[in-house]
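Shown next, in structure tokens, is the structure this report addresses.
Going in written order, the chains are labelled A, B, C and D, and every chain counts its residues from 1.
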Amino acid sequence: MSIRTPDPNPGWLNEDDLYEARRRLPMVYVEAIPVRLDPLGCITELGLLYTADTEGHFYRTVVSGRVMYRETIRAALLRNIEKDLGSLVLPQIPPSPTPFTVAEYFPYPSETGLVDDRQHAVSMAYIVPVSGECSPRQDALELSWMTPDQVLSPEVQAEFLGGRERLIRQALAHLGHTG
Amino acid sequence: MSIRTPDPNPGWLNEDDLYEARRRLPMVYVEAIPVRLDPLGCITELGLLYTADTEGHFYRTVVSGRVMYRETIRAALLRNIEKDLGSLVLPQIPPSPTPFTVAEYFPYPSETGLVDDRQHAVSMAYIVPVSGECSPRQDALELSWMTPDQVLSPEVQAEFLGGRERLIRQALAHLGHTG
Amino acid sequence: MSIRTPDPNPGWLNEDDLYEARRRLPMVYVEAIPVRLDPLGCITELGLLYTADTEGHFYRTVVSGRVMYRETIRAALLRNIEKDLGSLVLPQIPPSPTPFTVAEYFPYPSETGLVDDRQHAVSMAYIVPVSGECSPRQDALELSWMTPDQVLSPEVQAEFLGGRERLIRQALAHLGHTG
Amino acid sequence: MSIRTPDPNPGWLNEDDLYEARRRLPMVYVEAIPVRLDPLGCITELGLLYTADTEGHFYRTVVSGRVMYRETIRAALLRNIEKDLGSLVLPQIPPSPTPFTVAEYFPYPSETGLVDDRQHAVSMAYIVPVSGECSPRQDALELSWMTPDQVLSPEVQAEFLGGRERLIRQALAHLGHTG
């Protein structure tokens, strides 16, 4: 790997190399749970993306994305939030860098119960209050705002992939909601 | 204490009883560190009140106040912030009820190094982003917005009472700033 | 309240005054969730007290108690753990003073869903690993060690009072377990 | 990268590929601050490794290491602690997966002030109580146990590399110590 043609973006991996790296190294991810708050800081609604996988199965998910080389966690959070929710979302990136939890996704079979077949992802998860207008990203069918009780209902809990319903329950428990 | 004249506000203590209770029971307090954030959630400025004690000595402090009987922590935070910073302050009360630290103030000599001569106060401390206009409360000389480096300077650190400069350093460390 | 007979323990309240104070001031509490951990720090079991109320109804609960005047949170945690679990319990009081959550109990009707008919209690809750022998306190029928899945079962969740099953779910979510 | 000889440990990178990946992807790290606690959970001492870089300059550091492919954070913490402190150290891996902070190291110039010239490392940092016997790893000169005040002294603070003295100050602030 020592002789390479010059790379226009030398800090980032091309698709092939990224595919390989994903089978060799844990990837750094961030996940953002968008929430709407009342004036006392209580969560009123949680935003979920509704999208489809490559086989056409629909599922719900949260804002999620890789941290790029030389990118800070804060910058990755903002970039992924704007990518998924649009540029008018007015997110409040948390003042502290400490996530509310760290989610560890593994290819099946997973020791943690969280599964990502493409890779081993270590994902720092943050709750992000948003106050602006959200529009779902192009490949998402819609962005749904739900109350904590709706999100914790068995119907909605069954619509996540990879165990992400557990991340959602952890986020709500962190905010004081356990259903 | 069984015979009492009717109390217009039966859930709260009068001044005499509060004076006594303060020598017998730990009091529940909240403290709020007001901060201004940039779009990435990084603290740019921290708000400090500049005020005088009964003997005319000036000192810096943060938003602080008692939690009243039957009042939630969130309501106490909002009430004390609006009391100290005005009603146009637009605070973002944190979505999680977990404080960044719990400060324990004792009458001198204090086991924790934090001192309050009037009482034993257990104070849950929160970092509160504010986006509106702040005006200091009537008995405060001014509200100063300072950068983390200014707040951590020896001059400003020497202007707090009761060990509160340590609370400020803890708040900044929680946000990733250690000077 | 200005004329009093000398008090043998002047910092603490007698029963009558405590009864009154409980109707006037929020009380400072600590709660401890005792856990057993494997060598990787994963919870294997959670300890629950099984006890009866004054009317003979059985319920499950956790270590809980008031913080006394001039007592630190750490000392209150250790005292209440040893009172409820015995003196051979070898608890690991957490190195950080930050609780995993703050539970707010109110007389019915409660804004938070957590109820304590005697008082308004602000309770800082901690997860406490224990490695020694535990024996339940005198008024408790038994101390049960259960796996997270057992604790989260509907049967056990129904055996708590005052909404404390929610505190338990928050504790387990904080440790990464959401059932 | 599509044609490769079979790899005896297919999940891990060889040295050359790891060298390349370090210039293309953020690496997942864990850092552990070993502490000794008194029975109330207060830190009495913090353990620092004293070692030398390739040019013979001495510096202090903490337990630190990469998270391997398919390795959990807990397993990486335990492996790196035993590698650096020996197998008799009896660490108490924290029950919660949430780190006290996330440190972001970048090649110079660094946006965060934390520097690692080899790579972009995203490091989840944990405070780890230890109760056993510690022996420094082979390439470390010694393991020193210091009080918080000693660690916060200007002399010791000047002996860290890459800005890690800030991580130490954050750890101590999280435990309630700010010097």
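Rule of thumb we're sticking to: a contact is a pair of C-beta atoms (placed from the backbone, for glycine too) under 8 Å apart; a residue touches a chain by one contact, two chains touch by 3 or more.
Being a predicted model, the structure only gives us computed values, none of them experimental.
The chains in contact with subunit A as well as with subunit B are C, D. Listed options A-C, C-D or A-D contain a single repeat of the A-B interface, assigned here to C-D, on the basis that more than half of the contact pairs agree by residue number.
The angle of the rotation carrying subunit A onto subunit D, fitted on C-alpha atoms and rounded to the nearest 5, is 180°.
Just to note, of C-D and B-C, the chains joined by more C-beta pairs in contact are B-C. Chain geometry summary: the mean Cα position of subunit B and that of subunit C are 27 Å apart. Work out the mean CA point of subunit C and of subunit D, and you get 35 Å between them.
The set of subunit B residues touching two or more other chains comprises 72, 97-98, 100-101, 112, 174, 176. By the touch rule above, subunit C contacts subunit D in their complex via residues 35, 37, 39-43, 72, 74-75, 77-78, 92-98, 100, 127, 129, 174-176. Those residues of subunit D lying in contact with subunit A across their complex are 1-2, 10-13, 16-17, 20-21, 23-28, 67-73, 97-102, 104, 106-107, 111-112, 120, 122, 124.
Residues 101, 112, 166, 169-170, 173-174, 176, 178-179 of subunit D are the ones touching subunit B in the complex.
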